[in-house]
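One chain, chain A, links the two complexes that follow: it is found with chain B in the first and with chain C in the second.
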Partner chain A sequence: MKPYLTSLRAIVLREALRFVHQRERFIAALVRPLVWLLVFAAGFRAALGISIIPPYETYITYETYIVPGLCGMILLFNGMQSSLSLVYDREMGSMKLLLTSPLPRWWLLFSKLAGSTVISILQVYAFLIIAAFFGVQAPPLGYVTVLPALIVAGLMLGALGLLLSSFVRQLENFAGVMNFVIFPMFFLSSALYPLWKMAESSELLYTISLLNPFTHAVELVRFALYLEWNIAALGWTLLATGVFTALALWGYDPARSGGARRGV
Partner chain B sequence: MSGLTVSGLSHAYGPRKALDDVGFAVAPGRFCALLGPNGAGKSTLFALMTRLLVAGEGHIEIAGFDLSREPRKALARLGIVFQQTTLDLDLTVRQNLRYFAALHGLSGQDADRATDAALDRLDMTARADEKARALNGGHRRRTEIARALLHAPSVLLLDEPTVGLDAAARRAITDHVHDLAEEGITVLWATHLTDEVRPDDRLVILHRGRVIADGQAREIAGEAGLSDRFLHLTRAEA
Partner chain C sequence: MNKLTAALLCGASLTGPALADEIWVTNEKDDTVSVIDTDTLEVVRSYPTGERPRGIIFSKDYSRVYICASDSDAVQVMDPETGEILHDLPSGEDPEQFVLHPDDRHLYIANEDDAITTVVDTQTRKVVAQIDVGVEPEGMAVSPDGKIAITTSETTNMAHWIDTESHTLFANTLVDSRPRHAEFAKDGTELWVSSEIGGTITVFDVTTQQELHKITFDVKGVHPDRVQPVGFEFTEGDRLAFVALGPSNHVAVVNAQTYEVEDYILVGRRVWHMAFNADRSLLFTTNGVSGDVTVIDVAKREARKSIKVGRFPWGAAFRPTP
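Here is the complex of A and B:
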């Protein structure tokens, strides 16, 4: 068991070091949700009335509503960004180093996933602290209960990133994937508006949003932050994690990579 | 037992055949040069030998372990120097080696000891705490060779390790790896430069995905000298 833990620690640590070295990335990761919270939400609160929906027990401000969605946004961007680093790694060769280690490949990829999730979660907490300073606070215990939800949601989005990186060969293609994955996932979810609002304008978009695993990740975080369980959201998120992980492992299977991935 | 055997290896990228029934064996502790012009299939062969790809047909045996049946045992005995650098430039030489040690399951004192020994072997101890970015090409290569030897592999694969180096660094690294073979490590050295091959080396010439010559370099070279002979062989086949 020891070699497994040794490699896990080293991979997570390296991921963290890389993150520390890329200060711009950290700042960008924090500024992005803050702009949404402080600018976008301020403009939108008048336009959008939020009724009392679970897990909230009273009327809430729009800022309060979107905080879990913005936590989801951090996890989503970070999941994609660490897979961007995988594509980059693969071109730069350090992925080769990882994949030629004698440990099982699934473990190495899982370690990488764990590393990116740890970093995502640290960013979410940094964001939650700043949001609290600006008056958007959750129950104190919520900051603890949200942790397992963040882990599950982070793993799910990290696994999605891993999956994409196994099928994307070049960085240029990746930019396209970002546009076709991040934006639809984010906007077709409950991150910015409750889904019943969506249902009022389009039944189809509502259905798509309901199927979007990102919606469930956001709801999982939202409920956990307010000390409530959302079993359905947890189930959907775990299911999506399982599917994405399985497909990613398949994508990184050396026997499959024949014609498609010369570069590796 | 501790050598390298490749047999009946074929691999295709879609309709294009990159390797066609490639086979050769390197005895333990031998230096074998794999010579081939660009596009001969060397990189594909390396990807197969390091299990980044899995071959359509054929077998690879590393230190007595079949790569497809016992991949982890085979990889544990394999040291690899890739053509492009795989160092993390933001980390120091020592951190790079420690990271690699961890990927091989070494930690604590074992990792320290292995790292120090590897650095010492390649005369890199003085630069251990420099960032990889600060090293010149020759020293980066040395670091990578040191790293590839860290887990005491019995087979060492190097994919055009002298690309981009100046003449002195090229010579130093070629000499050093020959010494490693004398110490008992089985070496496969891919190159397209004939002057890196010594007359006593084992030589395999790869061209268009097939082995077109296999034997001792001196014998293959004959009267004409290796450079002319290599040009002749690869032109005749073209």
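Here is the complex of A and C:
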């Protein structure tokens, strides 16, 4: 068991070190949702406040509405960032070193996933503290109950990042990930607007948003932050985590990758 | 034996189901009143009323509730236990708002269409006096000592000061456009009048009828035209005033000592009037357009819940239950 823990510790620590050393990355990760919260939301104040949707019990400001969505945004971008770093590792050769470890590959990938999720959650909490400072507060206990939801959502989006990194071979291709994964996932979700608003303009987009696992990750975080369960969102997020992890493991399977992925 | 029975009865009443206090809300378009339980924050029952119920007020012992049924041209007297309309009072045409004199007997009613304030004796059910005031009277207030009654007229833009003994006007003071609501504060030394279109609250010194201060509002992200102060209520000791700002969908929290606005709280659409619970820890605002009542936590200054009621809720009144 010990080697497992040693490797887990080493990989998580490496993630943490990498994060600490890239102060710009931390600042960027915080600035991005804050810009949305303080600039974008200010312009869209009127977009909401006309309907009460669970888990809220009264009218809320747009800022209050998008905070869980922006927590999701941090998790999403971090998931993708760690996927980017895996592609980088592959190019630099450090991944080769990692994957030649005698430990099973799933454990190594899980350690990597755990590391990136921990970093993401720390950033989410930093963001929530700043948001509270600007007057967007959840019930005090909500900051505790949101943790399990953040773990599940973080693992799901981290697993998606792993899956992508097993298919994207070069850093240059990462722009495609941005265009075809991050943006559609973010905008076709309940992060920025409630889905009933989406349904008013297009039934198709509404259905796509409803199937988008990111929507369910955001709703899971939203309900947990307001001390409520959302079983459906939890189920969807866990299912997506399972599927993405399985596909990532398959993607990293040496037998499958063979010659084509000798670089790994 | 009698003592034993009394003790048992006492015990039984202590262990019996505790009745929570209530907030009564008139629904202008539904011709009903909705009754909200202040503990569960749910509508527990509703009763039919006359047409277009607006102002609502309880008698001192809470055994009767008076409702301005504007389009029925009557003030209805309802038994709050059963919801039965006991009788109508003569009210003049189109009664909108009214106030009960501290003697618990005389109602001062603003008759919007007739430019008249009508004084009705609730015991003899007769009109005692009709006083000519400005055009479209609406806001009504009586000083705590019962000597002064105020009517505000929406079109004349005045607060009319009525001597309640002689039923004559002894002063008229200009306020900003469309005054809607008036309240005496600080043991009757100040009079506050809200002006819907003017977007202000004017504070008067009651002794001199001179303007002391004018309170203005500025809700972030809301066009000034939509900031329209209407109903307002004071917390314990008149420390704070909560002011409904109409279509801006916000309630302002005003420090009644410094006259500074300290906070704005988001509530439902077109917030109009309000009522506190017994210890003034919760405030219930009627939101006309969204058809609900928002419950504000007074200490935290935040909206806790919005409760669906009938269409276009207008007035609100508190009723303790035994």
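Everything below uses one rule, namely that the second predicted complex is superposed on the first by the 257 of 264 C-alpha atoms of A that agree within 3 Å, B and C clash if a C-alpha of one lies under 4 Å from a C-alpha of the other, contacts with A are read in each partner's own complex, and residues count from 1 in each chain.
The definition used in the following text is that a residue touches a chain if its C-beta (ideal position, glycine included) is under 8 Å from a C-beta of that chain, and two chains touch if they have at least 3 such contacts.
Because the structure is a prediction, the values reported are computed rather than measured.
> Go through the superposed model and pick first if A:141 touches only chain B, second if only chain C, both, or neither.
It touches nothing on chain B or chain C.
> By the touch definition at the top of the document, which applies to A:239: first (chain B), second (chain C), both, or neither?
neither
> Going by the contact rule set out at the top, does A:61 touch chain B (first), chain C (second), both, or neither?
Touch partner of A:61: chain C, not chain B.
> Who contacts more of chain A, chain B or chain C?
After superposing on chain A, more of chain A is contacted by B.
> Taking the superposition on A as described, I'd like to know which of chain B and chain C A:39 touches: first, second, both or neither.
A:39 sits against neither chain B nor chain C.
> Scan A:211 for contacts with chain B and chain C and give back first, second, both or neither.
After superposing on A, A:211 lies clear of both chain B and chain C.
> Now for A:21: first (chain B), second (chain C), both, or neither, which partner does it touch?
Only chain B is touched by A:21; chain C is not.
> Applying the document's definition of touch, where does A:53 land relative to chain B and chain C: first, second, both, or neither?
neither
> Taking the superposition on A as described, I'd like to know which of chain B and chain C A:129 touches: first, second, both or neither.
A:129 sits against neither chain B nor chain C.
> So which positions on chain A get touched by both chain B and chain C?
Chain A residues touching both partners: none found.
> Would you tell me which residues of chain C are touching chain A in their complex?
Chain C reaches chain A through residues 220-221, 249, 266-269, 290, 294-295, 303-306.
> Provide the residue numbers of chain A that touch chain B in the complex, in ascending order.
2-4, 6-7, 9-11, 14, 17-18, 21, 92-94, 96-104, 108, 254-255, 257-259, 262, 264
> Sort out for me which residues of chain A touch chain C in the complex.
42, 45-46, 49-50, 52, 57-61
> Contact residues on chain B for chain A in the complex?
Contacts found on chain B: 12-14, 47, 50-54, 56, 71-73, 75-76, 78, 80, 82, 84-88, 90-91, 98-100, 102-107.
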